[in-house]
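For reference, chains read A, B and C in written order, and residue numbers begin at 1 within each chain.
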Amino acid sequence: MKLRRLLAVSRKEIVQVLRDSRSLLIVLLMPLMLMTVLGYGVNLDTKHIKVWAFDREGSPASQDLLRRFQASIYFDLVRSASDYRTLTDALDDGRCQLAIIVPHDFSARLHDGRVVTIQALVDGSDSNTAQLAIGYAQGVLSGYGSAVQAEFIRASGGPAIMPALSVEARTWFNEELESKNFIVPGVAAVVMAVVGTLLTSLTIAREWERGTMEQLISTPVTALEIILGKLVPYFALGMFDTAVCAAIAVFWFEVPFRGELATLVIGSGLFMTVILGLGFWISVLTKNQLAASQIGLVAAFLPSMLLSGFTFPIEQMPLGVQTFTYLVAARYYVVILKSVFLRGTGIGALAWPALALSIYTLIIVALARRSFHKSLE
Amino acid sequence: MDERLAAVTVSGLVKDFPGVRAIDHLSFEVAHNEIFGIVGPDGAGKTTTMRILAGVLAPDSGHATVAGCDVARDPEAVKHLISYMPQRFGLYEDLSVDENIRFYADLFGVRRIDREARASELLTACGIREFRTRLAGKLSGGMKQKLGLVCALIHTPQVLLLDEPTNGVDPVSRREFWAMLYTLVGQGVTIVNSTAYLDEAERCHRIALLYEGRLLFCDTPAKLKAQMPGAVVAIVSARARQVRDDFADADGVSSLVLVGDAVHLFVDDPDRRIRELTQRLDAHHIPYSEIVRVTPTIEDLFVEAVRGEGAREAGQ
Amino acid sequence: MTANGNSVEVEELVKRFGDFTAVDRISFQSRPGEVFGLLGPNGSGKSTTIRILCGLLHPSAGRATVAGYDVVKSPELIRRNIGYMSQKFSLYGDLTVLENLRFYSGMYGVERSVVQERIGWGLEMAGLRGRESSLTRDLSGGWKQRLALGCAVLHRPPIVFLDEPTSGVDPLSRRLFWELIQRMSDDGVTIFVTTHYMDEAEYCNRLALMYRGSLVALGTPTELKLNSIEGSLLLLECDRLGDAIGRVRAIKGVRDVAVFGNALHLVVSDDADVVSAIQMALEADRIVIARLQQIRPSLEDAFVALTAGRRALPSEAIAQ
């Protein structure tokens, strides 16, 4: 293998990318756009759930209960309705997600020590939010219930009672439980997957379509020199984009960065090689720019988005799908990213995903090499 | 021809594509230092032949050697010794003239000093030196062709393979291109050149006429002309159409074709028939400005050769 | 037709694209039944001229009428009166022969009452009777070409434009094609052919040679061949071609020397002693002359001679 020929291929590729507005757009604008759209758009926090209340009694006690809903960060008590119909209409057209109905004998029942039933109507069309809403609502209610009981006992002259069990929860790694902290690093993985695959998926197909490939393969340059020569500039561009994404994550979205820079660089480098190799392989197989870019987009975007553990935890997926995710390179990269940003673990703990990515790299380059023949057939 | 003496040998070459036999047991040889033309219409198998010789397409059976290397068995070995210019030139439109040259120089391992000297020399010879920094995509057709040639010659190939290099290019650039080819041959390069322009065949030292993948003829253009039975007589007349219609049955005329303002008649004995035809023109009061024997064009010869082949096949 | 019977009239036609002049003040006329050729290399302006005549582009200056209609004022009327056959044949490969004919009869607005008859005529002309249900992409080049011609003339236009019609077609098919064209012109149809292929131009009745947007010459093929070269064209066959070139170039009266395979073509002035001067020079160097005779210039020779004056600068780059 001659380094000179490899570098000639790289040099040509860089010049072409820099002169091609389409490629430049992909390299410079796409990461920014995707980071912004996905970073802000994908928000799994359920806070400020809109609540409407129908207080049938309107007593100080019921008002007190409703104030507790208002005080919770999970709820926004938006309106009070004066009849049942208004409430259900609001649920129907989405003006609220939770409706609370306080019965007309609320205070009387409390005073008598009887069970009080608060009716809660929940919009189940988003079942995740609905379940959380019910859970949070029960939390508010049980908090209120304990307070009422304690007050009752105290008023009857009994000792102050402590609850039987209490849980002291301490959240590691993402103290504020801000979803953006684990979403945004994952976004970086999606962005890199899309950009990397798109760029390389065009390169071989373009040469075939323009007719330059025919002459290229009539020269002494070897298939490996062509593959590696073309990968080098895209690798550099990809790492640059990764740096941009990381910078946006830390400085704009204020995601904490607790790990070592070296780990990020190594992990990103491995992932980049896999993703570029994948795009390259697609380009070799399709020989057609349009098909290559579309296949590349689908092959890169969908798995990274849905199956990498970026938005939906892999552990919650059906077993068959979980097994499939071992093939998704982004899965390993997401693990590395979350560790590096949130957990701050060193490369030692990341041996397993790093190894997986390395193996993946070798396989994909070998596949690309095998599929690329210096022949017109 | 001894294999050692031939720059290119092709023997029993066969190449099939789905539904069609592109090359059908082709055999010919190219001597050193000659311009060899592979001539034929589209679909004749020219490009397929060139691609096999360049080592970018594998034949289905048969042998081919280029510059001493067996291209079927070991195509990579030949690539240091040849240059191939495919129909679409292989130029990178978004790279400048210089950048294109440098790229190919690196691929062939040409040292920088050699490259600069050679590029300078070639660009000047082509007359495109002042466009070194211009993007290849912004050059005219004739200039792209010349740049393609410069890139192909930035190293010194033993055999130069050109696939329809003058397609669509203006006649002036075509002449300049050929002038460069003759110079190259003088410097020891063997050139194999495919073309669908039958008139370009006359510029080659030897030609192979291809039709539907088969070899019709392989020798010098002069021998091809000598091979044609009879001669061609041209009658130039303002009423050429009438001549065409009225003279189809004249004695000794095997076929005729209207060409612009003249009728070309294929006759067996030109001197005798010219006399007879002149009499006939006068008898029918058809005005004419000329009746003269003309050299048959390669196209005429080609048509005759194909007809002859068809007759032979029908006879079998 | 125009009042004086011309099928096509072009007067001082100009077309500019930005500051690039593609067509520079050309003028010519053609008569019904004429096979008129626009000959020139790529970039000479012939495609632009055709597009203006088909009503697809507006001229920057000058006038043009086709079938009596002005290209600027009545482009729609022009399109109804012309047939157009493009280089790539514009046939749908995945339709059958019959389907293509039907499609084009619809496109050209052939009246219902005569559609069947015209399609039948198209099939006859192309020689495709019996192959109506073959897929077009399975036809070879020559058949496609004739089918494309058929599709272009279903509405019997008085003028037909053929854009590089026989590129990529074998010589036999080309001959057949030209016979068809000639029969159409016998019937009074004006045929406009654009080509860069000198051999093809020989089939035309009259030629307009275009180069870099200008009309360089106008006449029959014979006229152009005889009148464009100042002097005569000689063929010289001898041994030691390389030495011969040097010797011959030095002779006064020899204007140009070009290598043609195993021979030389010399453009010489009409002085009687040039030929003997050549013979003496070659004998002096002991070069054996196999043949030295006058030959008729080809259209290519004509073209090169006619454009010599216009190539003041070395080959310019023209943005395509």
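Following the convention adopted for this analysis, a residue touches a chain if its C-beta (ideal position, glycine included) is under 8 Å from a C-beta of that chain, and two chains touch if they have at least 3 such contacts.
Because the structure is a prediction, the values reported are computed rather than measured.
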Requested in this report: Could you tell me which chain lies farthest from chain C when each chain's centre is the average position of its Cα atoms?
Outcome: A
Requested in this report: Quick one: name the chains whose C-beta contact count is the highest of any pair.
Outcome: B-C
Report task. Let me have the rounded angstrom distance from the C-alpha centre of chain B over to the C-alpha centre of chain C, please. Result -> 20
Requested in this report: Could you please state the distance in Å, as a whole number, between where the Cα atoms of chain A are centred and where those of chain C are centred?
Outcome: 64
Report summary line: Distance between the CA centroids of chain A and chain B (whole Å) is 62
Report task. Please set out, as single numbers or ranges, the residues of chain A touching at least two other chains. Result -> none
Query raised in the report: Which of the residues in chain B end up touching chain A in this complex?
Result: 51, 54-58, 75-76, 79-80, 82-95, 99, 102-104, 106-109
Query raised in the report: Hey, which residues of chain C end up touching chain B in the complex?
Result: 35, 40-44, 140-141, 168-172, 175, 178-179, 182, 186, 196-199, 201-205, 211, 220-222, 242, 258-262, 295-296, 298, 300, 303-304, 307, 311, 314-320
Report summary line: The answer for chain A against chain B in the complex is residues 2, 4-5, 7-8, 11-12, 15-16, 19-20, 210-212, 214-222, 374-377
Report summary line: Within the complex, chain C is touched by chain B residues 35, 41-44, 127-128, 131, 134, 138-143, 146, 168-176, 178-179, 182, 186, 196-199, 202-205, 211, 220-222, 236, 241, 244, 257-262, 289-290, 294-295, 297, 299, 302-303, 306-307
